[in-house]
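Consider the two complexes below, in which chain A is the common component and chain B and chain C are the respective partners.
Showing the complex of A and B:
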């Protein structure tokens, strides 16, 4: 079977995403961030042709543009003045500072969208249940209760509607009153039913002793390899960063913007790290082709 | 030494120390037995079951002793690990959002290793044939599947005793039968001791080793099904006797025996036994055998009994209705061009499988959902032109779950609220309300919280709240679900009384016997349409599966017998 990025062990997937976010926050350099953002967009494109990202595009673009625009408004520090509006100085430093923040925020939101798709509640639950078994049960119940409550509320409003009571009725006071009555019914009903859930949990020995968890995911060799590879890249990047590379110093004196040779070495390490899902996908395609050509 | 032994157990809840829930009760259950508990709701069945399971034991004062394999269950720290418990409501027992997680839940609690869990789950999934359900979200399962899941997750704990508290009360008959078959299999193939509280004796009679009839915390009758049924028949619990034995016993009562068949202890329990009894009778008696003339006579008699309604005004007209929940998925349409006519004063029952759209149709008729295409005409006016308040006054809708009906915290407040909403809080309005409560037999419930009532009571209370606003049409979604036979009879009386006052009643049901007995017309829903529709007699006549027990009993002898009353009459007319 061809390995997909989603099939890696949740611990690895979690590690990858946290690593990406860490790197995006550490390397505050416009060139690096632009390329990183492009790679993340590519991940989305390859995954689902931007289907998921589309829903978030407004938020991503809006927050990016706002930060770029607002930073120079409140920040007049810097030596290189681009232009003056009234008595307000717009400096290159301020614009660059804003862009760096904007880029890293946009990149982080984009990678989070992918995280949401890949780290299903199940995987998260699995990870947490290793650390905090009791919390995991709570999380599991919550996951079940949210859609349950929503369905119940729908039922309640249908029945009350048939009685001639609706939240859309009358002035706002009446609306609020009816709405609160709905919620009251929902809460009493749910509490009442939850007693039975608790009984059913008790009847299955819940809270009697040490809890174990069912391992839904097995840690395979390929997970270990991936961990080693990505871990190596992360350490490489972090050490480089600690030596002071890969960040654009803006204040008090701005560094030259182009990356030095050493910084390029570091940046490429980071790009390979972020591009891991693309590597997996590309590798999978290649393997598939080879398999097919052999047949 | 009995396996499970109740020795003179008296148990009372703290709220009501004067009225013990169990009173000096003694019961022995042998290993591997299949025991069925029955009786009205509130007779102590659940209390008895719960006392066996340490973890969910009710609080209260207990006298006497309960022993499992000679070990008392009442001492501190006694373990009831070998006891599994399945509850009534399929939905509320589920803890996890995915089937696999749910199955693993109990195993995780006892601290098994992943490997062992995987083995046990694999085995169970195989046994239940549920491979394709493993990764489904639990809320997408049907009620029957949920209950099977609950059973599976209890069985995974490898119990020796299985306790079930009305496990099929919330299921439709097909799922209920599947569930019971599974229990029977577990009992038969694995020797699991089963104690089950259950109203539907029909399905379990043939396999139960012991029936225990309870009343007011005491055991009224107890014994093997064939021995106990005649005794139940002679007691006030008559409605509990299923159709076929009760037909036999009724005939027996009328003293029309004498053809070589029968002491009351040979009461037939299944259709098979019933038919062989009928055959024996016929062979033994040359007089026996139905002439076609008698059949026709029977039909006319039936018509006299339930006169065909004069062709009155149609009150509900449904024309070419289309409905789907998801606009993007026309292939999943629920209703596909459904048409229906209901006349004033009619009692109409809609039958059909789960998810065939019965409930959806009701919601469309009372305006809660809007159809994509087609028309609903109430009283010659298009539904779209009815104001919501007007419509609510015209139609009373009782949802499948009557608990959701109540918005106030006592029955009295809910009634008062309804009166005020409709401007009926006058003296005459209140007088009418109290008359209504009296006629339903529920005036003592006004200070109670609706959730504290039993299934039958909450149904009556919700009906009362509906009737206060004097609707002309009643839409009832599965009103017979989960009711014990006595409450069911009371519901039928109420509905017939309302019908005689001129109300039009439409209900959905899985209960074939109920429909056959009380409805004027039955309709069958299939593929988003009503495929057949007629009076119960001709509706059930041709059906093979979807028909009453009596019709199955008489199939091949005479075709027109659908209800018990008809069967008795033709027996007498012979």
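Showing the complex of A and C:
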């Protein structure tokens, strides 16, 4: 069977995404972050041709531009002055400082877009159920109630509308009052109903002893291999970072921007880590070709 | 039963270890003052986990858990009728009321779950842990202060609602500022008044809208809601009325 990135065990998927975010926050260097962002964009392209990223592109670009623009406004520190507006110095250091932060935030939001796609609520609930079972039940119930409450709100507003009460008309004060009146009806309605839910849980012996469960996700050999591989890369990167590599010191004295040989070694480890979904995809393609050629 | 006691002890130890982790992170900020961004994330996430473990240790009956879920779901859904009015949402008010009536632990858990669940629908982001802790603390502090004589009166409650309107915004500002400055200190950094003051002023409009709407909700509906929730608590022998 061809392994897809989505098919890995949720624990691994979660570990991968948290690892990427950690790395993006640790390595504050423009060159490294640009390449990391490109890899993340590539992941999105391979996954769905930027379909999902498009919806978030405005937020990503806007926050990036804002951070880059605002940094030199507030920060005049630095030795290399690019230009002067009025009596305000725009320094290279300030621009770089802003770009590093902007790149890091843009990359983090972009990887979250992929996270939301791959790490479905289903998988997150599975992880919670292993670590915090009681909290997982609560979260599951809440997620189940949200669509129910929405439907009930529609019912309530239909009834209220027939009585001439609506959130759409009247002045500000009236709107707010009517809006919360809906919610109040919803509370009474739902709390009465909730007792039935609870009693039916009790009728099914909720909370009485251990239960057997069906696990949709199984930890397979390939998950263990993936964990070892990615875990090794993460430790390698963290150790390198603790030795002070992979970060551009801007203040008090700016380091030269190009990466040194050692830093490239470290950065490549990070790139391979982030590119894991691409590696999986590439491996799948290769396997497919081999299978075809064997037929 | 032996298993249950052993499990509870294990959780207690785990909680203690996590607490040490928080202290460790706090101590390391003294050395690595340039890394506030990810150190603060560590603290927020560990703090949430410590509370969740505490919740896990409590033996909870079906009626309590369903009640908590209903309140959390209502807190997240209650934004819908207000979609037309910018920066007015009763989520904070609902969580506050739940804290007043059901106590600090229930208030905290309702806040945390409603933030997490609504982001599961709207999309998670780096802001999720901050929203969880902010709304969690709204519920927690409401439960903590509910027996204080000042809080029994209207003025105390109004003050509380105003404070949380701003405090909520400020907690979210921490995340915004960390994103903006990269968590560095010094000039142009996190604590530079030249950055700090304009940022907080620009958020003040939204924060005061939040505070005003909290107060309006409280004055119009506070009394009714407390009575309503108290009635359910008593009627069904829920949480504390055992």
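Keep in mind that, in the parts below, the second predicted complex is superposed on the first by the 287 of 295 C-alpha atoms of A that agree within 3 Å, B and C clash if a C-alpha of one lies under 4 Å from a C-alpha of the other, contacts with A are read in each partner's own complex, and residues count from 1 in each chain.
Assume a residue touches a chain if its C-beta (ideal position, glycine included) is under 8 Å from a C-beta of that chain, and two chains touch if they have at least 3 such contacts.
Since the structure is predicted, the reported quantities are computational estimates derived from the model, not experimental observations.
> For A:201, decide between first (touching chain B), second (touching chain C), both and neither.
The answer is both, since A:201 touches chain B and chain C.
> Is A:155 touching the first partner chain B, the second partner chain C, both, or neither of them?
Touch partner of A:155: chain B, not chain C.
> Touch test for A:97: chain B only (first), chain C only (second), both, or neither?
A:97 sits against chain C, while chain B stays out of touch.
> Which partner does A:105 reach: the first (chain B), the second (chain C), both, or neither?
It touches chain C, and chain B stays clear.
> Please work out whether A:13 is in contact with chain B alone, chain C alone, both, or neither, and reply first, second, both or neither.
neither
> Counting residues of chain A touched by each partner, does chain B or chain C come out ahead?
C
> Just checking: does A:115 make contact with chain B only, chain C only, both, or neither of them? Give me first, second, both or neither.
After superposition on chain A, A:115 lies in contact with chain C alone.
> With both complexes superposed on chain A, which partner does A:188 reach: first (chain B), second (chain C), both or neither?
A:188: touches chain B and chain C.
> Where does A:165 make contact in the superposed view: on chain B (first), on chain C (second), on both, or on neither?
first
> Is A:209 touching the first partner chain B, the second partner chain C, both, or neither of them?
A:209 sits against chain B, while chain C stays out of touch.
> Taking the stated contact definition, name every residue in chain A that is touched by chain B in one complex and by chain C in the other, in rising order.
Residues 121, 137, 141, 143-144, 148, 182, 184, 188, 194, 197, 199, 201-202, 206-207 of chain A touch both chain B and chain C.
> Over in the complex, which chain A residues touch chain C? Could you list them?
Touching chain C from chain A are residues 21-22, 25-26, 28, 63, 66-67, 70-71, 74-77, 94, 97, 100-101, 104-105, 108-109, 112-113, 115-116, 121, 124, 132-135, 137-139, 141-146, 148-150, 153, 157, 167-168, 172-173, 175-180, 182-184, 186-188, 190-191, 194-195, 197-199, 201-202, 206-207, 251.
> In the complex formed with chain B, which residues of chain A make contact?
Interface residues on chain A, with respect to chain B: 121-122, 125, 137, 140-141, 143-144, 147-148, 151-152, 155-156, 158-166, 181-182, 184-185, 188-189, 192-194, 196-197, 199-216.
> In their shared complex, at which residues does chain B touch chain A?
Against chain A, the touching part of chain B is residues 53, 55-56, 81, 84-85, 87, 89, 91-98, 100-101, 104-114, 117-118, 138-139, 150, 153-154, 157, 363, 366-369, 388-389, 391-393, 395, 397, 399, 401, 403-407, 409, 418, 421, 451.
> Inside the complex, what are the residues of chain C that reach chain A?
So the residues of chain C touching chain A come out as 37-38, 41, 52-53, 55-56, 58-63, 65-70, 72-74, 76-78, 80-82, 84-85, 88, 90, 93-94, 109, 113-114, 116-118, 120-121, 123-126, 179-182, 184, 186-188, 192, 194-195, 198, 213, 216-217, 220-221, 224-225, 228-229, 232, 236.
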